[in-house]
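Structures for review follow.
One chain, chain A, links the two complexes that follow: it is found with chain B in the first and with chain C in the second.
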Partner chain A sequence: MSSLVGFLSLVFAIGINFYLFLSGYIFKFQIQKFNLLIRFSSLLTLLSFFSLMYAYLVSDFSNYNVFQNSHSNKPLIYKISGTWGNHEGSMLLWLSILSIFSFFFSFTKNIDENFQRLTLIIQSLLHILFGLFIVFTSNPFLVNSILVNEGLGLNPILQDPGLAVHPPILYAGYVGYSIVFSIAIAGLFQDTDVEWLYVAKKWSLISWTFLTGGIALGSYWAYYELGWGGWWFWDPVENISLMPWIAGLALVHSLMMVRGEQAIKKWIIFLSILCFSLSVFGTFLVRSGILTSVHSFAADASRGIFILLIFFIVTGFGFLIFLLKEPQKSNALNLLFINKVSALVINNILMIIATLTILLGTIYPIIIEVLYNKRISVGGPYFNSTVIPIMIPGFLLMSIAPILSWQTNKIQNSKKYVLGFIVLSILVLIHSYFLDYNTWGFVGLLLGFWIILASIIAIFSTYKFKFTIKFFQIINPHIAHIGVGIAIVGITCSSVFQNELDFNLNEGDEFNVNGKTVLFEKIETTNQINFQALRGKFLFDIEKNQSKKIEAGKNYYPVSKMITSEAGILHQWNKDIYFILGDQKNNEWFVKVLINPFVSFIWLGVIIMMYSGLIAVSRR
Partner chain B sequence: MSRIFILTPLIVLLIICIFSLAYLLSGKDPNKPPSALLNKDVPIFESSSLYNSKNVIKTKDIKNKKTLINFFASWCSPCKIEHPLFFEIRKKHPELYLLGFNHKDPTSDAKKYLEDDGNPYHFVGVDSDGLIALEFGVFGLPETYLLNEDGVIIYKYMGPITKDILKNEIEPLL
Partner chain C sequence: MKSSHFFKILNIAVLSFIFFTFKIYAIESIDERVKNLTLELRCMTCQNQSIYDSDAEFSNDIKKIVKQKLQEGESERDIKKFLVERYGEYILFRPLMNNYNVFLWIFPFILLIFGVFFVLIKTKRKKV
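Right, the complex of A and B next:
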């Protein structure tokens, strides 16, 4: 029953969008009526999504999708997240988020009526394309042809609270760019004023913030669930999310130039189209199953071709209109040796180069396999040795960019910065001389700390501290950059200065980690509701009274016969001690201990960046 | 000049789409890497029967006849989907030797599975520790291999075989 409701409301919603797309622009009925219809179709799409969720909640195995991906033993949260833990459901989630964005956009005030209508018509077109994709190739409401009273279960690796919320947030980022895309296309048709640039800025900030959160959650999940001790693997699916993220960052920055009346409309529109294109391209790569990764899902060629077609239509349509309806000449750029405009232009160029480098590395295996029928994979070494050097000048620039002037070459308080940089360089050099010297470590630490220091100098020497919202809005760019600096320090330390220790242990053995004695208490197996847990129990720092308990082990999921690893992590502010329980051989357990310094800084940096994103939304 | 710049994204788009389309249409599946064993001799193996551990099958036993090897398990739901097709194959091609390898399965579960769904195989070998699958380079269950009379692997399919695959890819080789 719920499946029927879900399917009908989905079809009805697509129908309304068809009507809006065909008649909305031709007959130009009142904007109020138009907005009402848009909201109605959004609610219908959501109703469809929640019907599917309901089917999951009540374990309605007469729905084929629920049968394939759920099990009545699953805890409630994974019944809910099971809704999007599969291809069909996740596409419906995609569409629902698109609808939510249209819904909220229809409430935008202070924007030209026709402009708003045009933007929403383009949203409708996207809704139709993806809606048809769902109905014809990925229908989550199919009826199960056999009568069953139990389902096949959700992929155990997805049974994790972090991963339950990761897809919706990531999708909110991806799909948020649909609004930016639609605004940009509308801007090409109705290039009247710059008002729409402010609207585009808000929405691109919202999308970017969501995307940041989504990527961070995914990477945090990989950190503790995959049990490899790393948090970024240059996995194709990670790269796919990184591309719109960097392009989106470029977009947000080039939208800043609106304030300096230096906006290059053409470039902004290009980036807006690019961001959404990359999002759709990412959806295509993941959903067609064309790439192998931890995210591989069952592939079906017809789906791949359909979504490739959507990608082609959307991107081709966007760039074709861009070609035909070139925006009017905007103001000439006030490029000086070092002013805000030139800094922003350099930043944009670097980010686009980085995006293209990642794009090349991601699609290269596809091209090679088509041409030479050989399988290669492009991994960490390529990306580390190309993307990171490209970003370094940008990092250097961002430390002072926010205080540069729009019009002149002058830097306020330039002496303070020079002095600060010299002192910092000496400190970092001394530090790395006494620790193992490592070039990447040195560069990373210097850059990270320099960004933090320069931003702090900038805040205190330029503005007077006041505890008001306005003050926090003004210093927001600096705060964002401090977040980046903290993240760079975390990234550098956890990757360059990671320490790995291997042990073969019996129960009851004591061993030494980082000068602290650790006791390997025992191995314990317990039966949980939907899995069996094998845990090695460790006591960290047994000499102290408050020794810390660490559990590392594996989970066995009988329904899907899968084993997942569960790392045991002791979080300290300056390092994570990361325990991995390996296999048992000759009565000895293999235990790997990784010491990851300053990992928490990465997450802290990300949180600060997201905070800045939100503050920036509130500022005009 | 600037026209060329604006045209670039469209050209890049076209190139990406053409290659992706070529990839999709070539029927390649990233989950199915080109097999290293294709057109090579079948790996050397030895396995005892599920029903009688004294009854052993070795590599040389399957030479001189076309053989279809299928890796399956009771816990593998896609195996259940392809299972009925093996009865069809056996009926249509009685000369073909059907060898099933039961992969990482408790004996009782495997027996029950073949009891419930029927046993289409001429011989069911046990691969409880998955070593035979390792030799064959099995990626995931189910997997099916077709061997010619000389014991050379002439075809390999990962995932459940379907009627189409049977008709268009396996039968022409028989």
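Right, the complex of A and C next:
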């Protein structure tokens, strides 16, 4: 029953969007009525989504999708997240978020009426494309042809609170760029003033903040769930989310230039189209299965080809209008060596190079496989030795960019910065002399701390501290950059200065980690609702009264016959101690302990960046 | 102080420190060499994990082979060649520089050169 409601409301919503799309050209009606219809179709799409969720909640196995991906003994939260834990449901989630963005955009004030209508018409077109994709190739409301009492279960690796909320947030970022895309296209048709650029800026900041959160959640999940102590692998799926993120960052920065009365509309529109194209392209790569192998793409080509078609329509249509309706010649750039404009231009160029390099590296194995039927890997080492060196000048520039002037190439208080840089360099040098020396470690620490230090100098020497919202808005660019600096320090330390210790232990053994004694108490197996847990119990620092308990082990999920590893992590502000329980051999358990210094700085940096994103939304 | 001076000093500082850092090149132990090499190899039986990070049987075997070969004095290059012959290029996370992959490797640097030229051409020579 709920499936029927869901399907009908989905189809009805697509129908309304068809009507709206056609009406924009054939018979125009009032904007109020138009907006009402947009909101109505959004609500219908959401109704469709929630009826799928309802089917999951009540374990309605007459729905084929629920039967395939759910099980009645799953905990409630995974019944909810199971809605988007599969291809069909996640595409419906994608469409629902698109509707939500349209819904909120229809409330935008102080924007030209026709401009708003045009933007929403383009949103309608996107709604139609993805809606038809769902109906024809990925319908989550299919009826199960056999009568069953039990479902097949959700992939255990997805049964994790972090990964339950990761897709909606990530998609909010991806799909948020749809509104930026629509605004940009509308801007090509109705290039009236610069007002729409401020609207575009708000929405692109919102999307970027969501995307940041989504990516961070994903890598945090990888960190504690995949159980190898790392959090970023340059895996194709990760790269796909990173590309719109970097392009979106370039977009946010070039939208800054609007305030400097240097509207570079052309470039902004190009980036807006690029961001959404990359989002759709990423969806295509993940959903078509082409990433695992070209052959798995061929196995179920209809979906892949349909998304590829959408991708070509979106990108082709976008860039075609871009070429046909080029905005009027904007002001010449006031590039000096070195002012704010040139810093922003250099930043944009570097970010685009990074994005394109990641794009090439991600699809290169596919190209080689198609052309030469040969499998190659393009992994971390490639990206580390291309993307990171390219970004380094950008990081250097970032430290002082916010205080550069729009007009001249003078820097206030430049002596302070030079002094700060020299002192910092000596400190980092001394540090690397006495501890493990590593070139990347040296460069990373110097960069990270320099960005933090320069931003702090900039804040204190340029502005007077006031505890007002306005003050926080003014220093916001510096705060964002401090976040990046903190994240760089965390990334450098946790990847370069990671320490690994291996042990073979019996229950009751004591061993030494980082100067602290750890007791391997016992091995315990328990039965949970839908899995069996094997846990090694450790007591960290037993000499102290408040020794910390750490549990590391594995889970066995009988429904899908899968084993997942569950790392035991002791979080401290300056390091994570990461326990992995291996296999038992000759009555001894293999235990791997990783000491990851300053991992918390990565997440702290990300939180600061997201905070800045939100503050920036509030500022015009 | 004018900003051009500032950037000269900044440049010199950065370059000299980078130069200095490459000067003190530490000698790595066998275990470190095993780590650095196996980090760049794909575990063929896992999903997107390096051999170093993985505890699969396949990975442990390769780790042993790599260590043994390093102790016998073989170079990283020889070991990679041996592994590629056995398992194919798919095992290398760092793609080889060969006819197939030359575009992959030079592409970012072509873009970088274009970018530098763009900025140089657009930058006004006149100081304000």
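Here is the rule we go by: the second predicted complex is superposed on the first by the 612 of 620 C-alpha atoms of A that agree within 3 Å, B and C clash if a C-alpha of one lies under 4 Å from a C-alpha of the other, contacts with A are read in each partner's own complex, and residues count from 1 in each chain.
Everything that follows uses one rule, which is that a contact is a pair of C-beta atoms (placed from the backbone, for glycine too) under 8 Å apart; a residue touches a chain by one contact, two chains touch by 3 or more.
All values reported here derive from a predicted model rather than from experimental measurement.
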Three-chain arrangement built on chain A, chain B and chain C clash or fit: fit
Touched partner set for A:Tyr382, first chain B, second chain C, both or neither: second
Touched partner set for A:Gly230, first chain B, second chain C, both or neither: second
Which of chain B and chain C A:Ile430 touches, first, second, both or neither: neither
Broader residue contact with chain A after superposition on the shared chain, chain B or chain C: C
Contacts of A:Phe311 with chain B and chain C, given as first, second, both or neither: first
First, second, both or neither for A:Met1, with chain B first and chain C second: neither
Which of chain B and chain C A:Gly361 touches, first, second, both or neither: second
First, second, both or neither for A:Leu446, with chain B first and chain C second: second
Minimum C-alpha spacing, chains overlaid - chain B and chain C, in Å: 8
Overlap of chain C and chain B interfaces on chain A (superposed complexes): 374-375
Of all residues in chain A, those that touch chain C in their complex: 228-230, 233, 235, 333-338, 342, 345-346, 349-350, 352-353, 356-357, 360-361, 364, 368, 372, 374-382, 385-387, 390, 396, 407-411, 414-415, 417-418, 421-422, 425, 429, 432, 437, 439, 442-443, 446, 580, 582-583, 590, 592
Residue numbers on chain B that touch chain A, as the complex places them: 3, 6-7, 9-10, 13, 16-17, 19-31, 33-34, 73, 75-77
Sites on chain C touched by chain A in the complex: 1-4, 6-7, 9-10, 13-14, 17-18, 20-22, 24, 26, 39-40, 42, 48-50, 53-55, 88-95, 100-101, 104-105, 107-108, 111-112, 115, 118-119, 122-124, 127-128
Chain B partner contacts - residues on chain A that touch it in the complex: 152, 270, 273-274, 277, 281, 284, 288-292, 296, 299, 301, 304-305, 308, 311-312, 315-316, 319-320, 322-323, 326, 363, 366-367, 369-370, 373-375, 561
